[in-house]
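Take a look at these structures.
Heads up, the next two complexes both have chain A, just with different partners, chain B and then chain C.
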Partner chain A sequence: MSSKNQQFITFKLSDRLLAMPLNKDSQFFSCEHLLALPINNKYIAGVSYLNGQLVTILRTDKFFGLNWKMPSHPQCLLFSYQGDFYGLAVDQGIDTVTVPQVYLEKTKNIFNKYIKINKQKVFILEAEQIFTELKIYV
Partner chain B sequence: MKLVETKIYLKFILWFLAVALLPLVVLLGSFAVSDQYRSFFQMGMLPANIMIGIFVSLALVLGLSLLATRSLSKNITAPVQASVNELSKVVNLLLNSIQGLSDISQTNNQISQFLTSSSQQQQNGLKAGSQALSKMVRSLVEITHKTGAANSSVDKANKLAEEGKAQSENALASLAAVKNLLTDTQKLSQALDQYAQQVAEIAKRVEVVAETTKFFSLNMSIEAKKASYSEEFNGLVTQIRDLNNISEQAASSIQSLAKDMSRQIDQSKQSAVYEWQETNKSINVVTQTLSFLTKIISNIDSIAHDIQVINKETTKTYEDADQVNKVISNISQQSKLLVKQTDDITKVIGEQLVVTRSLNKSSVALNKVTDTLSDLVGKN
Partner chain C sequence: MFSEKYKDLYLSTTQEQLKSIADVLLLLERNPKNPEYLQTLFISLHSMKGSAATMGYKDTIVYLHQIESLVQAMINGTLLIDKNTLDLIFRSLDTLHANLQYISQHSQELDFKQAIADLEKILKSPVKIKKSDKLSAQHDQTALVAPYESTEMIVPAKDLDKIQNLLDDLLVNIMSIKGVAIKSAQSQILSKVVTADTLANNLRRELERMRILPLEQVFSNLPYLVRSIARDEHKNVELLIEHNDISLDKSILDELLEIIVQLIKNSVVHGIKSSQKNGQINLHASLESDELVVTVSDNGRGIDWSKVLALAVNKKVISVEASRKLKLVDIPSLLFHPGMSSKKNMDIHGGRGVGLSVVKDRIKKLNGQVEIASTLNKGTKFTLHLPLPLSIFRSIAWQVGDWSLAVPMAYVDRVVKLPEIKDFSNDKYFVYNKKRIKLLNLHTILPLEIKAPAKYILFLNIQKNIFALPIASSIKESELVMKKNPSVMRLLPKFKGLAISSSGRVNLILDINNLL
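Up next, the complex of A and B:
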């Protein structure tokens, strides 16, 4: 448990409230043109184009094994990792929050950190964990 | 016959004289010859010549009597025999005639019985025919009444059909007006539909604005958190969020309004279409009803005409039946007379039979007399 004030962006996915640490490139956008890729990776929905940048759109529901039907123009949360831009497909962006404490769920191996918002556990999606634990590019 | 009787009397007289005189002559002759044969013929105290004379006389009398009888009987019985023969023939003829008469009487009896039964049957038939004719007349009268009633009913039906036709024409005009109205309503619905579509498009645009505003507010909030801007900026972000909420609410309201309008317009369009279809169906039905009513009217006219013809024919048939009734009545009277005459004929035949029986009895008696006469005169 860390006790420094941290900022997170909250969003909803299939009625689940999730959070992602505030990134310098974080922003919400509507993915109007999603180009599917001829690759066999369940986590990657395709690529899009935003403000002159290629953005890889990720299937956030697959991280948790959720039964979620992705719309044709999903809302996405942009973040950057190692110089590349990615977008998490979400249902709806909620808000940005500042929390004093991050908790650890010992029963989970991946995405086991969470914050409390209105006494509700909101699990955190970290970019590092997305690419190292899930091994998207293996 | 009298000549024959005279001859018989003459012969009888001659024979009587011969019979009477000849014994005397013999007796006298015997006296003359008695002296020679006296001893041969000596019988008692009587003189022999007398005895001989008596015997000879008796013999002569007997012989002559026999001869006379035979001769006379021949003269008498011959014509009687002939008459008896004639009589027998006549009796036979009479018997045959009587038999023939009896046969004729029987045949007449059969014929009269046949005539009687035929007359009775004829009378019965005429009675039945008269009854049937009466029933026919009653039926004709009934038909006449019914055709009269049917005629008046047909008139009423005709009037009703005419009224129905007029009402149907009015209904058709009303339905046509309703159809026009529905068509206008459909046009209005189409116009409203276009408006609703436009409103829906606007609502979509407002939704896009709201979404964009939402993104804007979210990203503004993110930027504000990133850069830790001042309270005024936070206030601005808050206002933008409020704007976003209001936009979302407006978009949602407009969308729901557009949906409601669209739904109501669809409903009214469907109901207008349905009413238009129903009105069309009603127009078709009324048009068909009109055509049926027109056909009914024409059929009623022809039925009325046929009823009038039937009425006339029935009246005529009634008059003809009356005449037939009179003819049957005449025939019935004639058959009654025939029956009476047949009865008279039967009586005559009865009397004929009685006469035939008496003739039969007479011929039987005559036959007996003939037989007796035959027995008397001897059969030749």
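Up next, the complex of A and C:
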């Protein structure tokens, strides 16, 4: 458990409420044009363009093995990692929250940190875990 | 104290100053009797001391003062200017480099106590030189304390990236407005849009020019590096550089420099023999059609490929059975596998076994290729082929299933609309004006299940030969803005990159060499 006020941005995917640490690049955007890529990678939906940047769109549902039909123009949550921009495909962006504590779910191996919103466990997606644990680029 | 806020500026300025000092030391080494070099050295050290004082790095100030005193003693003639003294100053530069790295990571300076004490010892027992060997000690005292002045400003590359992205976005929007203005046939609006487009393109060109650096500038650090490594390896090695006045975008140069440094280290550590008196490394860069070709060659011991194969088996990179089937041309690729070092001692310069695998990764990141040629007892040559980046270019674009593809107009010889849709699945050639032109197909780079019948033939000029690419969908001419490859493009090595059209759509740019 860590006790220090931290900010997160929350979103809905399928029926789940999830969160990502808030950073300077965090914003929700609508992916108007998505270029599919000729690769066999379940996590990568394609590449889009936003405000001068290329954004690699990720299938957030595949992180959790969810049965989710991605719309043709998905809502995405923008974040940066190691010099690149990424968009997590989501159903709906919700809000930013400030919480005093982050908890650890010991029974989970990945995305095992969570915050409490209205007593509900909201699991956190951290960029580092997405790329190192899921091995997106392998 | 300004330290945290101005740390980046201090680091980049001091890096530049250290480079200047290294250049002067190399000149002084060749011509120790030239008094101007010592004066320049003194002024540079003094200036560095001033920068360190601004940041409050007290130990750095003391250390620099000691080195200044050393140089002053050399100017006064109380200290011999010989290999030992110069080695001492070179080693001091290494310490100062290490200090910069430490400050970068920890926002505080190194512990200089031992280094300062070592220099104190030297200063307390200087070796006097003969009168006849003294330099002409006349120098302008004012010049010695002249402050470091510069009309230049250091701008972080990431800030230029941000401006580049904003400008790209502006250009894409202007391209879009131009399209609307043309359709609306409003000549006044079109005229203004064309002016805006010209201004924005000029701005982009100026920004690109700011990012471009001459290879000469980037390569100028390398003789010092070779000297350092050769000294540590007790070898005699000279580096000869031919840069052909080439300039490149800084982002490519940064990657290229890392590759070249690794290859040079390899040459000094593994290539040149200790017994060699004429150790030489040649670094050559040239432009050939649309690629940069860089060679790093040495006149060392060469590579024994049978030993490389044996090592690969020993290190379990390949199995014994696989090694027996491996062709001679495929053995060089084993060198790029991590863990292939033959050096028994893992020292600071070589022998960790990961150097060439890092080279391969970096080259792949630049969409480039590397070749190795080697002859036993004659030397080894690494040749890098790196494609030059595109900027804004006209293209032919079309759709294949879900994929938006484009080819730069520079490669397009002509486009022919077929009188009727034709299936080229079983054909190797397209006959046009009684000439047989070899057919290409996109199956080499795209996972296409069906070959759709073609409406158009795109004639492509690849390496001075004409090839025909059948296209099933409609095509259009499009102006595209090339963007820096995101990491995902590592999974698509057969494509040149991604570019944006005026409608904000992303297009995959074909690397037509991969269609062959």
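Simple rule for what comes next: the second predicted complex is superposed on the first by the 138 of 138 C-alpha atoms of A that agree within 3 Å, B and C clash if a C-alpha of one lies under 4 Å from a C-alpha of the other, contacts with A are read in each partner's own complex, and residues count from 1 in each chain.
Operating definition for what follows: contacts are C-beta pairs under 8 Å (C-beta built on N, C-alpha and C of every residue); 3 or more make two chains touch, one makes a residue touch a chain.
Just so it is clear, the structure is predicted and the values come from calculations on it, not from any experiment.
Student: Using the overlay on chain A, decide if chain B and chain C clash or can fit next to each other.
Tutor: With chain A as the common anchor, chain B and chain C both fit in the superposed model.
Student: Tell me which partner A:Tyr49 touches in the superposition: chain B (first), chain C (second), both or neither.
Tutor: Touch partner of A:Tyr49: chain C, not chain B.
Student: Which of the two, chain B or chain C, is in touch with more residues of chain A?
Tutor: Counting residues of chain A touched by each partner, the higher count goes to C.
Student: So, does A:Ala36 touch the first partner chain B, the second partner chain C, both, or neither?
Tutor: After superposition on chain A, A:Ala36 lies in contact with chain C alone.
Student: Working from the superposed arrangement, determine the closest approach of chain B to chain C, counting only CA atoms, in whole Å.
Tutor: 18
Student: Just to be sure I follow: which residues of chain A are touched by chain B in one complex and then by chain C in the other one?
Tutor: none
Student: Help me check something: in the complex, which residues belonging to chain A touch chain C?
Tutor: Checking each residue of chain A against chain C gives 32-33, 35-41, 44, 47-49, 51-54, 56, 82, 84-85, 137.
Student: What does chain B use to touch chain A in their complex?
Tutor: Spelled out, the residues of chain B in touch with chain A are 211, 214-215, 218-219, 221-226.
Student: Give every residue of chain A touching chain B within the complex, in rising order.
Tutor: For this pair, the touching residues of chain A are 7, 9, 22, 24, 26-30, 93, 95-96, 98.
Student: Enumerate the contact residues on chain C facing chain A in the complex.
Tutor: Its residues touching chain A are 164-169, 172, 402-404, 445-447, 483-484, 486-488, 490-492, 498, 500, 503-508.
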